[in-house]
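Please find one structure pasted underneath; my questions will follow.
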């Protein structure tokens, strides 16, 4: 199990009569991109919530490396090295890109109850943030307020924010959503380079990107993982074709 | 690699495309790098000028008035200064922290009552309490300040701990309710005057300084205001300020970045209350009187009005708002007893049509710390 | 004697509760449907009381006065909605608080300007004065009993209005989904004006009824407004059911606390101190209640939505 950076064990979550997560077990290994796909309403958001910390599972465990994080807050998980991006961009719009990225660096270094030294000239914050931006090829936009960025650039900033945490694992929630073919291709390229350093759990609708990027794919339908395997296996899987691709002649 | 990275993380709109283009694409350039051009922003000069003018006039006019023998105006300036200081405290919560507290009168009033009760016992030579420890009254300004700030911080810790579990309208209402609780308590507790209030027969003193002199007292208040503004300014540039700003703009982002928003907000709320409480202690001393009226929800509302009139989340906003408010109260109030009708109209106009307040109007709209 | 006192105080509590419900139902409807926090609701209470006092004085008929009071409050409410409130729907709560705070100042000072500072006279008509003897030999004022009756009638009427009528259906639709109701082709701005005026009319009615019991003066709406806020926060903002329950709870706790807490403290304190401590605590009681409820249920007892 030391091979897994992130592992979910037998997660269950029920909302009233709806079994949103039904005995889901997943893991994410070093050096890989593991994609989680599924049709709308399959329970992906609920599952992400349980990994990220805004939803508590009814049963089951979540581990980051060897630490159990099931009961931890969002912020605690982040400090332990779980970086995430959101389906809908969630940056602080009026602030510069840099200020958004610096927050993670700040959280990693110590508590935030430091009242005196200005952040604007603090190289201990600026340098790592700048590095994270360079990895996303965005350092030229460091001082631009987020609201001036294009949609694709925001996606990159989100990933840079996660990278600032020096994460052990990345949880990316539909990073390609709303990107044109060009933006999508660029992000695909960046993620491919990234996975060697940080394994990525990728939730994505863009099948082309998934099949290109993912080393392994899990398919979630009605709260359960119905199939698991590499791209080829998933493409061939009759259950997947029926349930997910709506392919009735399978 | 030791990169020198441009040293201003504050989001600023570069004035021109050339300024943006001059920023390094990669930081290997080594040198000091091109800082974003916000210092060159034309607003900066105007803003700085307005700020210096406000503070300068507030300092110089009372001094002049004193030497021409108009003590009334010196005390008026003290009043403006103290109200501004209370609003600086509230602005930290509302403007910088996004916590719409409708109950800051509680801290202003508690600060006032600390001064009043302390003076009451010092005058009487009776102890405030004897058990478990003996606490005598005091007429030392420093002791009273410390006590006022600490007690307000404690009260805000308790109130904030509960209130910050809620958001939106619930937060507004619960802070109001807690303040009302204290208001009614002061109103019906007979020991310190109840609804009649508590007169203060001796003004708190400082070593070597005659605090009963109107100008001296004004200067003390002015010092307090400048300190409060300096603390706020410094605070908001620090790591704590960065976290608080993020908590206001997007608390999910803050948590995702690894910082829990709740304690950050709570600490800001406590500091905000302590500043407002200090102002309350000064106010009680200025008037020689403290009564439940400073605890009323009307006063909480007025403090909010001042913050908004001045320009919410701007360092000099509370000062500009306090000047306008007290001036309207004094001069308009001198003309008509219905001056609050006009205050209402002005406020309505500002809220509906001039969202950035006086400072936005005087110094240009820019609010980005 | 003590049973009589208890019955009397419970009735007083229920009476306060029903009047609070008249205020709170409007506040909570306006919040539920339009997402607006309205501090100026107490002004409608005052407008209703003044109009009732003025018309009752000139016509000699309390009922005419009441009708005039409700009409005046509704008209003023509609006017305020058209001129000011509708600009605030999409604004942050802070703006709403301040703009409606400004309205309070304008209404209070405006009323003082027109009617002067001294309270106006308004008393219940002669056919509603006197006492009723209830089972258990409790003598209770007829007028207060009538207030409870009015409260019950209005609660039932509101229930039917909201659950059975077309207007009610629209209100419920507006509460659950503001976008959808627009898509359904309902004229939202008209709906909003109507809901706002309805809330104002209920507040005006409460002001007139209570004004006859206490006094009609500037600022009379403010203590009631704050109590009504406590009510809707306890009940869950946006929930009529919560407002009803919260109103009764606040009415009873407040009334009984003021009577029984001093008595309670007299059991182990010297009487002079006991009444001081008891009164101080009683005055704080409903706020303590609210804090406790919110500490456990941050969205109130019947949270409708944010």
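Details
The chains carry the letters A, B and C, assigned in the order they are written, with residues numbered from 1 in each.
Rule of thumb we're sticking to: contacts are C-beta pairs under 8 Å (C-beta built on N, C-alpha and C of every residue); 3 or more make two chains touch, one makes a residue touch a chain.
Being a predicted model, the structure only gives us computed values, none of them experimental.
When the partners of chain A are compared with those of chain B, no chain appears in both lists. Centroid analysis (C-alpha atoms only) places A farthest from chain B.
Counting contacting C-beta pairs between every two chains, the top pair is A-B. Each chain gets a centre from its C-alpha atoms; the one nearest the centre of all protein C-alpha atoms is B. Work out the mean CA point of chain A and of chain B, and you get 41 Å between them. Here the spacing of chain B and chain C, counted between their Cα centres, is 33 Å. Per-chain CA centroids place chain A at a distance of 49 Å from chain C. Interface residues of chain C facing chain B in the complex, by the touch rule stated above, are 31, 37, 39, 84, 87, 93-95, 97-99, 101-106, 108-110, 112-113, 222, 226, 229-230, 233, 237, 276, 279-280, 282-284, 287-288, 290-291, 294-295, 298-300, 306. Within the complex, the chain A residues that touch chain B are 52, 73-76, 78-79, 84, 86, 90-96, 98-100, 102-104, 106-108, 112-123, 125-127, 130, 134, 139-140, 142-146, 161-162, 164-165.
Chain B meets chain A in the complex at residues 2-14, 20, 23-27, 36, 234-235, 237-243, 245-246, 249-250, 252-261, 263-264, 267, 368.
Residue ranges on chain B touching chain C, taken from their complex, read 94, 100, 102, 162, 165-170, 172-174, 176-178, 180-181, 184-185, 187-191, 297, 301, 304-305, 308, 312, 338-341, 343-345, 347-348, 351-352, 355.
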